[in-house]
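Once you scroll down, you'll see the structures, which are given as structure tokens.
Below, chain A partners chain B and then partners chain C, in two separate complexes.
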Partner chain A sequence: MQEPNVPTSQVKALACPNCGGAVSLRGFGHTLNVVCVNCLSILDAKSPDLQLLQTFQERQRVFPLIPLGTRGKLHGDVYEVIGFQVREIMVNLVQYAWQEYLLFNSFKGFRYLTHYDGHWNDVKPIQGVPDPSRQGQKPAARWLGETYVHFQTADAETVFVMGEFPWQVRVGETVRTADYIAPPRVLSSETTDGEVTWSLGEYMTGEHVWRAFGMAGSPPAAHGVYANQPSPHEGKTGRAWLKAVWMLAALFSLMLLSSLWMGRQEAFRQKYSFSGSASEPSLVTPVFELKGRPSNVEILIHTDLNNEWAYFHLALIHESSGHALDFGREISYYHGRDSDGNWTEGRRGERVLVPTVAAGRYYLRVEPEMNVARAMSYELRVRRDVPVNLFFWIAAVLVVLPPVFVTLRGRQFESARWMESDYASSGSGDDEEEA
Partner chain B sequence: MSRFHSNCPQCAGPIAFQWSSAVQTTCPHCRSILVRRDVDLERVGRVADLPPDSSPVQIATEGVFRRQAFVVVGRILYEYAQGGWNEWHLVFQDGASGWLSDAQASYAVSFLRQASATPPAASTLERGQQLTFDGHSYEVTALTRARYAGVEGELPFEYWDKEEVLFADLLSRDARFATIDYSDEPPLLFLGEAVEFEDLALKNLRRFEGW
Partner chain C sequence: MKFPFYWTYGLVVLTLAGWSQYRGWTLTKVSEVRNVPRSVRDNPGAYRSHYSYPRYFGGK
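Take a look at the complex of A and B:
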């Protein structure tokens, strides 16, 4: 019974009953319908004389990007392009057409490549019925432990066919399609006359397809974000935040260490009183010594102002050279009670930080100013080598910027993806689910 | 295993059974359909030429399913409106009998289940209906009226006098499948699972020109 015959992929001398053109078959006995390459009539491949099933003339010929008969390698197996169809859906009065390439391997069977605007999917039918479920507000489907979120349901019309098919194809036929996504995968159902078939696709780049099928030139550029296109930001967000957390921890340790290491010596401390009516408002402090390496100097003023203001003209003067560094601070402190309760405004103290002062002997010249009828007492303190945390805070902000940026980019990508779905209008309401 | 040997009552050619429980076989010499009656073989007809088909499996193909080696000893070829498919009869090392279905190079292995619960009558069955077998839930996904397009080799039943049969295909949510064959009374229930070609480690396959 084991015939030694080896099936051939070319059926001899078959002629199209419509135009007489030669018809070749690549799908062995699996082919049910074949389309004449010459006149695009759909023929019954099972009938000996290729009975005419449908003449096809209303539309312009579409040329597949990967020609029929091209062989390529997917998942380690050789596949041959034997069929090609264009299907179309209408969403908000806009037509979207995509291409489907039927691939055949005489041992492994059939799979498809779909193509839309530079985006490709490697699709295989599945033997099973995914479990209907929900993900947040959206319907979902569960298959083999993975949840696929509903993306779009539409009626797809076959508008162009070429080559061979192991099922009945007709131009003008419509099926209901539904896509559920778990990037980079997409679970799709097709319903015809109540019969549902499911397939599982995985996103492929044009470059990958071109390599797999040894295509010359470059694939069409991908535009926009496709339903199940993997996000280039996926996983990066978490990694970026983790990195930022480590860097912040390092920064704060450094901050702690530096504050322990800083000298923070008090060089001078003295209390004074002042009255607005004083004839000689300015005073000079005793000379004090600033020691060690060039470092910062902090001057603290603390007053007993009460519903009052004062202005301090200050100068840090180097004793021997007389070189002076001038600065000023306004201090005001008000408080009271109104219908909202107690309130305060301003503070009783101020702080001046002078960066990088060389060691040496210095004194301060102080010239306060205030309402003539008032008086105050105040304390002056001079400290050397105080920790400056501002730089650490700037560094911390810089560390946090990249993950914030990555997070925003990821959000942007996801919202671009869902813009093309049935849920486009609900917009940002989906954020908490995708995060 | 003692194999049953005999001679074809039609052409006297030697007939060697691969599987001791085979009920029907075809003579590889004269294509007679032979049915076992005790120790004798009765010729009940002659197989028509099998229509050309494209399954890579053939009689004597060997493979492995769930670590059990099997050999293909027979087949039934069915045809329906959307094409055809093969049910290859498998005999496992331990003598068990199973089926490898090949529908357009999409493969599944199944076994006859002595129904603990009898499947519902064909007239009450409809698509979308949920049925439970052995604790697993299945959905009726297709009802197919198929025609016997040919038989070959050793089979566990007499199929020679059958012409048309109704099949119910059932799929589960975890890649299991079931088939109910309404050619018999009570109907036959087969339970199995879809398999990948490479997982069967098939040997002695057909060759295809250009592949």
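Take a look at the complex of A and C:
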């Protein structure tokens, strides 16, 4: 069944005055120029005998990806491809060419599909003139309450035409084009002989176009980042950071609660003296009990060292099983005064956190070591179940890693977008903010 | 970033952090020695430390 707004298939057939080939007219009263698909001559559609306006021989023929006469549905309306042109700009001595498909619906009028390197835009002329504006350092244009930031200005030359056009089309004609973007939309102006026309485009994927026009196969793959291509990271950065804030709040709450909850039970505390000349430096402490679940044990050593060092060989030994955890710590404390003023180095105390020790009766074997002629006093203190926040800080770093990654990906995408603009050296600057 | 992925990831990180606190994990390097004889209590000098530690006895 035919759609109610499908243009009727009344195609007017004429003969090309140049080659005699058939010329079809689908746009009827709207069509000013028509290009013969056989010899590519541009003809005046308004003259009864299709007067020859321009012959076209300089360039190779370009075959449109969507053939003329193809119908597709956009925004609920059926459009027919009636014209095709290739235009190009020169930027830094590099030519960039894109294709434009002219679509026609007898009730809705004309719209365009533009295609560049796998990126498509659905473009509609607008009635009115956007207001000039600025965003940061860049010129901008405001249209229907939205700000479009200037992206690129260039002189576009028409290099190939085919089909029908509602304007006087010529190969070789140039217009001044300026693009302003607010992804996924682009506001474009074309200036020629003092006349400015504006159009509004919206980014489409090749898959969307192929579905709309019922095309077989796959569309050309998109390469790079197009001016008004919506960022796949749009909005993700803010959401990721919001989640990170919630997780950090939960993490620090957990850290605070565990700090309040952990016992810090003191299991042993005693003072000792040591001389470097002692014949037997080692000693064992009385047995003490470590209670509760397997948890850490903190051993604090505090000395009265003064411009001296000491080393403590320590072993936490389970009384009945003989299972020992062996470790050691150097303590040194120096101070003095020189040309820079007072200085200190090291400290008089040290702490050891022994991980995950099961409950039971333990004792410490202590073997101090220091210069032979020196002596010191020291205190040993053993505490059970002491909060250690190191892993919470590591967790905090791990929690913020994904949002950092998402932020960098978003910036990378915007950077790639603006690399193709007139502002390539300055990057996206303040214009890469998320909507 | 998918909603469940990040929440799941965060939950795992938080659980590990909480579990590390509960179990008393630390980064301290210790050497384990099994079957230390009871005689060490009477003769502490008979025990030989198995722990090696980078030692620097400095001063300005």
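Here is the rule we use: the second predicted complex is superposed on the first by the 402 of 435 C-alpha atoms of A that agree within 3 Å, B and C clash if a C-alpha of one lies under 4 Å from a C-alpha of the other, contacts with A are read in each partner's own complex, and residues count from 1 in each chain.
By definition in this document, contacts are C-beta pairs under 8 Å (C-beta built on N, C-alpha and C of every residue); 3 or more make two chains touch, one makes a residue touch a chain.
From a predicted model like this one, the values you see are computed outputs, not experimental measurements.
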item: Contacts of A:Gly128 with chain B and chain C, given as first, second, both or neither; value: first
item: Touched partner set for A:Ser106, first chain B, second chain C, both or neither; value: first
item: Between chain B and chain C, more extensive residue contact with chain A; value: C
item: Partner chain in contact with A:Gln168 - chain B first, chain C second, else both or neither; value: first
item: Which of chain B and chain C A:Val78 touches, first, second, both or neither; value: first
item: First (chain B), second (chain C), both or neither touched by A:Val284; value: second
item: First, second, both or neither for A:His30, with chain B first and chain C second; value: first
item: Which superposed partner A:Thr356 touches (first chain B, second chain C, both, neither); value: second
item: Common interface positions of chain A, toward chain B and toward chain C; value: none
item: Contacting residues of chain A [partner chain C, same complex]; value: 236, 239-240, 243-244, 247, 250-251, 254-255, 258, 262, 280-284, 293-297, 307, 309, 311, 313-315, 317, 321-330, 332, 334, 336, 338, 343, 345-346, 352-357, 363, 365, 367, 385-388, 390-392, 394-395, 398-399, 402-403, 406
item: Of all residues in chain A, those that touch chain B in their complex; value: 1-2, 6-9, 27-30, 32, 46, 78, 105-110, 125-131, 142-144, 166-168, 194-196
item: Residue numbers on chain B that touch chain A, as the complex places them; value: 26, 28, 51-54, 56, 58-60, 82-84, 104-106, 108, 127-128, 139, 141-142, 152-153, 171-177, 194, 197-198, 205-211
item: Chain C - residues contacting chain A, complex; value: 1, 6-7, 9-10, 13-14, 16-18, 20-38, 40-41, 44-45, 47, 49-51, 53, 55-60
